């Protein structure tokens, strides 16, 4: 069967398969999407299909209103959350949702992941935000769309820039990450899980530990992102 | 050697081998059975045989009174527990018993696994029940049959439906899961272990966390099971 | 090179290689020995050789006074501990010492592993004993011999039978296990690590949990070891 | 392309690849260097290159002032920290920096890893030191050089010998280890992570546990390092 989006589907398939390979989710949990901004569509995992059974041709192409453009399967039930993020965060190229164990633990605890060290600071110099519990009327409305809205509103209320903090915990639910590219968004999902694990261990060693000092946060930010950035090639 | 149940044995063997593959138990711990309701028999792992040594022809066929119908080996010492579940939960097709680490931890702690998030709510909107310690006279009676009775009675006393909650912790012992199919019952055993691990991490991050709010529990239930269910294909 | 003990060495080598394969120790940590009671010698891992480099011909044959009978390498520095156990526990056929993470955690905490559930009770119905810290004069004497003496004395002072409890924690150090056969001793080392992990998780879920009730301890003991034992083949 | 340092690069590459293989870091985290003291240069991982993509020819050769001697890529951003250690600790042959999870947890908690048992004592009889948070003016200066200076000053202020304690936690950051050879430095990184994990478990089992008694610390030191050392071959 011919497709106008076979490359996008193939890439989306490969990115989805990173999720079980990196132990970020089991069976059908989680989903990755990537956008073709010129075509105004994104590719996303179908709903309820196990990673063991997933094939590239199962990937669904939808538009930014979450309407299916190509593919016989239903897209992920989280599709409308991805669509909100693509509409509101105009520079991102991919979105990853997992149920990775430690990130879910913090999300269920309704706590942002406090920045305790430089591993965290190398990725963002803020705590990883955690959205508050969703009000009942929004849960009973368009729940998945409202999940996206919650992320966007929470970033705005805290004055956070989604190009600088590419990860969030949805309270009582779990992590979403994004990035300019699909590989960056997956990378962020792996890093987030590791930061969640390190932060819990830190507290277990020393329950009275304080967050990373301001000068170190500033330094690590500038080392990677400042005018004289000197990390990488 | 010819058998009237070679297909049932082969399937039961494959399901049992998922237990070590999914890291749900070591050596001889745990056992999976599947029922052929028309024939009135179920297939189950033999007692005390290590997964490393297990072969399809070792699987034992027993009737619903736990009498061996075919096979030279003794069936699992937990056979009578499985038999009770098949007799009392008339729609289930398979039963899985493991000693997965975190589920055993909660069972030994004599605590139900509290529902803290949507990963849990996607599978059941109640806490995972944990049976109370068995009274001494029942321990000294037909212990494995009483283990099954305890599960059934605990579900009845809490008004729980075994088609909606396909998992339980037997207090001081460990998890049992079931499902319409063998693969569903194994899936539930994997999910239960993950929920047990997430719930402990959640409490470690925030010991004062409350259980998932009612509106989210209702929403996730309806998303998968309600009249307008929209999860999956 | 010809050897009178090539079979014993080959078996000892295979048992030692189970230690890294089962993630019970890294690099050179840990050691397994097996005894040939008729010949009055036992085979043991050489000292300071990494599992990656170990070969069957490196295995050292020593007598019950720990004098090398065959092999150019030094035997494990724990050899005299093994020798004491073989002399004092006359029915055991193999000894395993590991530095498995959770068992070491309990040993360093100087606490016996409390029996909280049936996984534990299927192996022993007592807590896993932990020897007290060694008095200074014994540390400064024949330290490895005294480690063996401590195990033996601790078993005697508690009235424990080494055929019924095939595992111990040496306080501030780590686990030793044994058994009639080499495979049983390794099995016990794997089980001990799992019991250590489950017991800690149990306490983390419920710090006020009590030990397993007496009737369940008795039942599980009799199921495997009583006159009407019905577990296994 | 011909190189004067192809052997050094090849060895450095292999050592770096041990980092992901031993699960000590993900993606680009961490770096290993080895020195050629005669040539006055050391080989180190390039900055921001993922282990998945790393090739032997990417390894950068720098002098002890961290100036690139050979290679088109930027050396690790931690290069100046390594250089300080090579200059100040004159007998070490290799340096390893990882972001291993438990060691980072202790470093972020700003706590030295207390010596609780003999696994620790077999490697060093002191707590694993943890440098205090860096003063702001040093963070804003030559940060990576100051990280090295902090390690050296902390060792001097505690009177520690870098040939006897081959590992340190940099507070709020993570572990550095070293050794005479590259394989020893990597070994130390693996051991440090295991000691960090064991020490946390020890405290979780018994929050009131004391550090290892003096006589055992002395004994294990002498067993490996004393005039009558009898560990190994």
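Letters A, B, C and D mark the chains in the order given here, with residues in each chain numbered from 1 onward.
Operating definition for what follows: a residue touches a chain if its C-beta (ideal position, glycine included) is under 8 Å from a C-beta of that chain, and two chains touch if they have at least 3 such contacts.
Computed from a predicted model, the values in this text were never measured in an experiment.
S.K.: What rotation angle superposes the Cα atoms of chain A onto chain D, in degrees to the nearest 5?
M.R.: When the C-alpha atoms are superposed, chain A turns by 90 degrees onto chain D.
S.K.: Which chain lies the greatest distance away from chain B when centres are computed from Cα atoms alone?
M.R.: Of all chains, D has its centre farthest from that of chain B.
S.K.: For the copies chain C and chain D, give the interface type as same if over half of its residue numbers appear on both sides, and as different if under half do.
M.R.: different
S.K.: In angstrom, rounded to a whole number, how far apart do the mean CA points of chain B and chain C lie?
M.R.: 33
S.K.: Rounded to the nearest whole Å, what is the centre-to-centre distance of chain B and chain D, using the mean of the C-alpha atoms as each centre?
M.R.: Each chain reduced to its C-alpha mean, chain B and chain D end up 46 Å apart.
S.K.: Among the residues of chain D, pick out those that touch two or more other chains and give their numbers.
M.R.: Only 203-204 qualify.
S.K.: Assign the assembly's chain-to-chain touch graph to one of these shapes: line, ring, star, complete, other.
M.R.: Per interface graph, the chains form a ring.
S.K.: Among the chains present, which pairs are found to touch?
M.R.: Here the touching chain pairs work out to A-B, A-D, B-C, C-D.
S.K.: Within their complex, state which residues of chain A touch chain D.
M.R.: The contact residues of chain A facing chain D are 116-119, 187, 190-191, 194, 197-199, 201-206, 209, 212-213, 215-216, 219, 223, 230-233.
S.K.: Tell me, which parts of chain C touch chain D in their complex?
M.R.: Answer in residue numbers: 26-27, 29, 46-49, 73-74, 77, 99, 101-102, 104-111, 133-134, 136, 139-140, 143, 172-174, 200, 203-204.
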